[in-house]
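Chain naming follows the written order as A, B and C, and within any one chain the residues start at number 1.
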Amino acid sequence: MNTRHLVIAVAVALLMGALSLAFGRFGAYMVNAVAIAGIGALSLNLLIGYGGQISFAQGALLGVGAYTAGNISNAGGDGLLAILGAGVMGAIISALIGIPALRLRGLYFAIATLAAQAILEYLFKILDPITNGVSGLVIRPTTILGIPMTSDRSLVVPSLVILVIVWVAVSRLMRIDLGRSFLVLRESEIVAKGMGIDVAHAKILAFFASGFIAGLAGALAGFANRLASPEAFTLDLSADYIAMIIIGGLGTWTGPLIGAAFVVLLPEAIQRVGEAAGLSDILSPLRELAFGLLIILFLIFEPRGLTALLSRLKPRSLAVPAPGAVPATGESLPP
Amino acid sequence: MSLVAREVTIRFGGVIAVERMALEVSPGEIVGLIGPNGAGKTTFINCVSGTYRPHTGTVRWLGDELLGLSPSTLLRKGVARTFQNVASLHDLTVLDIAKLGASARKDRQSGGHLLDFFRSDSALERELLEQILEPLELADVAHKPIQTLSYGRRKAVDLARALAAYPQLLLLDEPVAGLTSHEGMAMAGVVRNVRDRLGCAVIMVEHKMDVVMSTCDRIVVMAAGSKIFEGLPAEVQADPEVRRVYLGEP
Amino acid sequence: MTLVLQLAVAGLAIGSVYALIAIGVVLIYKCSGVVNFAQGAYAMVGAYVSYALLRAGLHPVLAIIGCMVVLGGLGSLTERLVLRPMLKAPLVAVMMVTLGLLIVARAACLIIWGPDQIAFPKVFPEGAISAAGIFVTYNYIAAGILALVLSFGFLAMYQFTRIGLQQRCAADNTRAALAIGIHVSNQVSIAWAMSAALAGLAGTLLATLNGLSLDLAGIGMIAFPVIVVGGLSSLFGALVAGLLLGLLQSFTDGLLSPVLEDFLREHTSIYSVGALQQVVPYALLVLMLLVRPQGLFGRRGTERV
């Protein structure tokens, strides 16, 4: 276990907890939203940033988690059971999505995940008995270990606890052979094979682990919104998560959290500025516009993300290029 | 003989890259595989290491057929290889690469396992540092990302990865290409050391003749996909046919 | 039988519009290796631009030409300003930046033209023909024929003209193209301009059929099943697959959905199959990728080890 990472994770969670107490109900709402987005971004960073498998289906995977948790909880199951169930279901569906990745790579696989996203969205709409169709599944307030989760304030605790566990677990994962083999896989499958890594095994486990974490995030999102509906888990959500991990810094440990905070808080900030400037009428499209423009500018001018930007501000680290933030393809085998 | 390859043939489209190639290696023996560019040396290594699947032929290792097995299965059978060009692997440190190599040992799940999550690997770390990285003079950079190392040292890391699996058959694809002659001689010394320590069989593809002559026990010369000569280093140097084909003499 | 014919005509009309969009995506992919998620944005913006020009009193022909010129400019501008600085960025970042373009375009249209669906001005004569028991509006016929003619015209241009030759050369081998004096980055700009113009036209045609709204941007997503089925690098494949998927959607909507719905209502508690025609292309995409990843007309990429 990397002690430094554990300390950082706990400290960040405590800080977020303090913020949620300091800023009342709205503070709790925002902290909860950032924590959930952070967990989701960690799951996607594991897949894209570390494993190199581009997926546009993470939004739908969160949906799988939300629906699963909602059904378990509504049926009287404890919230913790619901969250774990959501993780398992997310892992299974994610591994299914990953199966084509055993034959396809790069672009082709990315397009296949677009299809997975579309198909899951469609299933959310039509599988009435589990999803309640287009109107969405109302999730009644759950209880976790007997404690009723009636507000964002009470939900902040499980969200932050899960965030810390996932964050530290990802750090640990990248320090064992499996995590290392993800990194080799990201650079080149050919190299990975040559090094004797069982590529299929590693890939499926990457999807499995990522899906499990996405399921947890989805469950928490479902409990926070008290609703799981098809409109909440569209391709736009997948795009948001991809934006988070790129803005934060692909394949970095702190990037997903920084990116999640940025993407969740930015619209709120624009909202505030817009209200102050008296632009309330066109605020919502303006927010979209600013969000889209910022993503584009970011990708053009700082493709290695906020993490790289921040580390460049520290003069000490000027000499050290942020390793691996931009995965390049390296082929080590001769033709 | 522990490695016996017979009649290995592989075609790419209409091009026959390796044709009816035969090779035998005993434990503790270093066999040099030389020949002009395009002779099929690396392709042959690729066939033995499971990267390519030959159309015909057999490659038996201690009686087991190797052809058709994946590189990961081969590694667990004790067959490891290095690469001509070293991969650029961001983020991974020298020790990480060595650990990945060690993960291919028989007793461990190749490519890692989720259960490693709860295991400490400090014992393995110590062992790799002492047994593998120290002799290759990589111990001082064990925690550095390999991107920061010189080309020569990265080649040493690739060798360390292969050695960490404690192979019984080691396939080296141009281990000293691109290295300075000083680095090259050091690498050759390491290869002999490894052979002495592990008692493994080594096949070495290499162009640098001084390294080949001083390192190998036996030399096999390939040209146009087939073996044209086999013998002791001194015999190879003296053979007129080899000189004509390989050294370009009339 | 008349139903089948009716569905086939509608499917071909829509399918030819899909083909226009998909040809643009393939063109960009061939030339610059970028998979453009913003193709739907070009279609939507194109429809709004045509609308604005028509409202300004321009003749429909001029309006459509004007729209294609504006979109062509937008396309090459996108390439210069956004994609060119990202030449060395990872694949996922490039895909994401085109998604960012989509978000920006949608927001911009929302600010300028508002969220409500707008009735598109009359472009083609009203009325319909009925023959052999089927009934097709002039609008559908005109849109379908125009899209088809332009698709074929574009393919012919790509195959037979000088600019087409330069395009093919730049797409085939960048270095070789540079060596024989082709200005490759200009060719990439031209490819973006042409595909944006085609998408703008497709968006306009679609708006004449279904009305004008922000939802038009969603059409860009259908391009992905189309190009995978046709083969990622085949323009002709995009044309054929566009028509094929138009037909498939039409038949799914008209024939399969009702049957399936009856069956599900009888045997399960699922009441509706929803927009099955929208998800069928994706199912086909997955099937295609698993069975024949190179698509109907694509070449199998040779992977060197």
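Please note the rule applied: a residue touches a chain if its C-beta (ideal position, glycine included) is under 8 Å from a C-beta of that chain, and two chains touch if they have at least 3 such contacts.
Predicted model only: the values in this text are computed from it and were never measured.
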| task | Give the label of the chain whose average Cα location is farthest from that of chain B. | result | C
| request: Please list the single chain whose C-alpha centre lies closest to the global protein C-alpha centre. | output: A
| note | Distance between the CA centroids of chain A and chain B (whole Å) is 41
| task | Would you kindly tell me how far, in whole Å, the mean C-alpha position of chain C lies from that of chain A? | result | 31
| request: Go ahead and note the Å separation of the Cα centroids belonging to chain B and chain C. | output: 51
| note | So chain A residues touching two or more other chains come to 327, 333
| query | When you check chain C against every other chain, which residues touch at least two of them? | reply | 305
| field | Numbers and ranges of chain B residues touching at least 2 other chains | value | 46, 51
| said: Can you tell me which positions in chain B touch chain A when the two form their complex? | reply: 42, 46, 49, 51, 70-72, 74-76, 80-81, 83-92, 96, 99-101, 103-104, 108-114, 116-117, 119, 121, 145, 147, 158, 161, 165, 173
| query | chain A touches which residues of chain C in the complex? | reply | 35, 82, 85-86, 88-93, 95-97, 99-104, 106-108, 110-111, 221, 224-225, 228, 232, 268-276, 278-279, 282-283, 285-286, 289-290, 293, 304-305
| field | Residue ranges of chain A touching chain C (in the complex, touch as defined) | value | 48, 54, 100, 103-104, 106-108, 110-112, 114-116, 118-119, 122, 125-129, 133-134, 190, 235, 239, 242-243, 246, 250, 282, 285-286, 288-289, 291-293, 295-296, 299-301, 303, 326-327, 333, 335
| field | Residues on chain A engaged by chain B in the complex (per definition of touch) | value | 169, 172-173, 176-181, 183-184, 187-188, 191, 193-199, 201-202, 205, 209, 251, 323-324, 327-328, 330-334
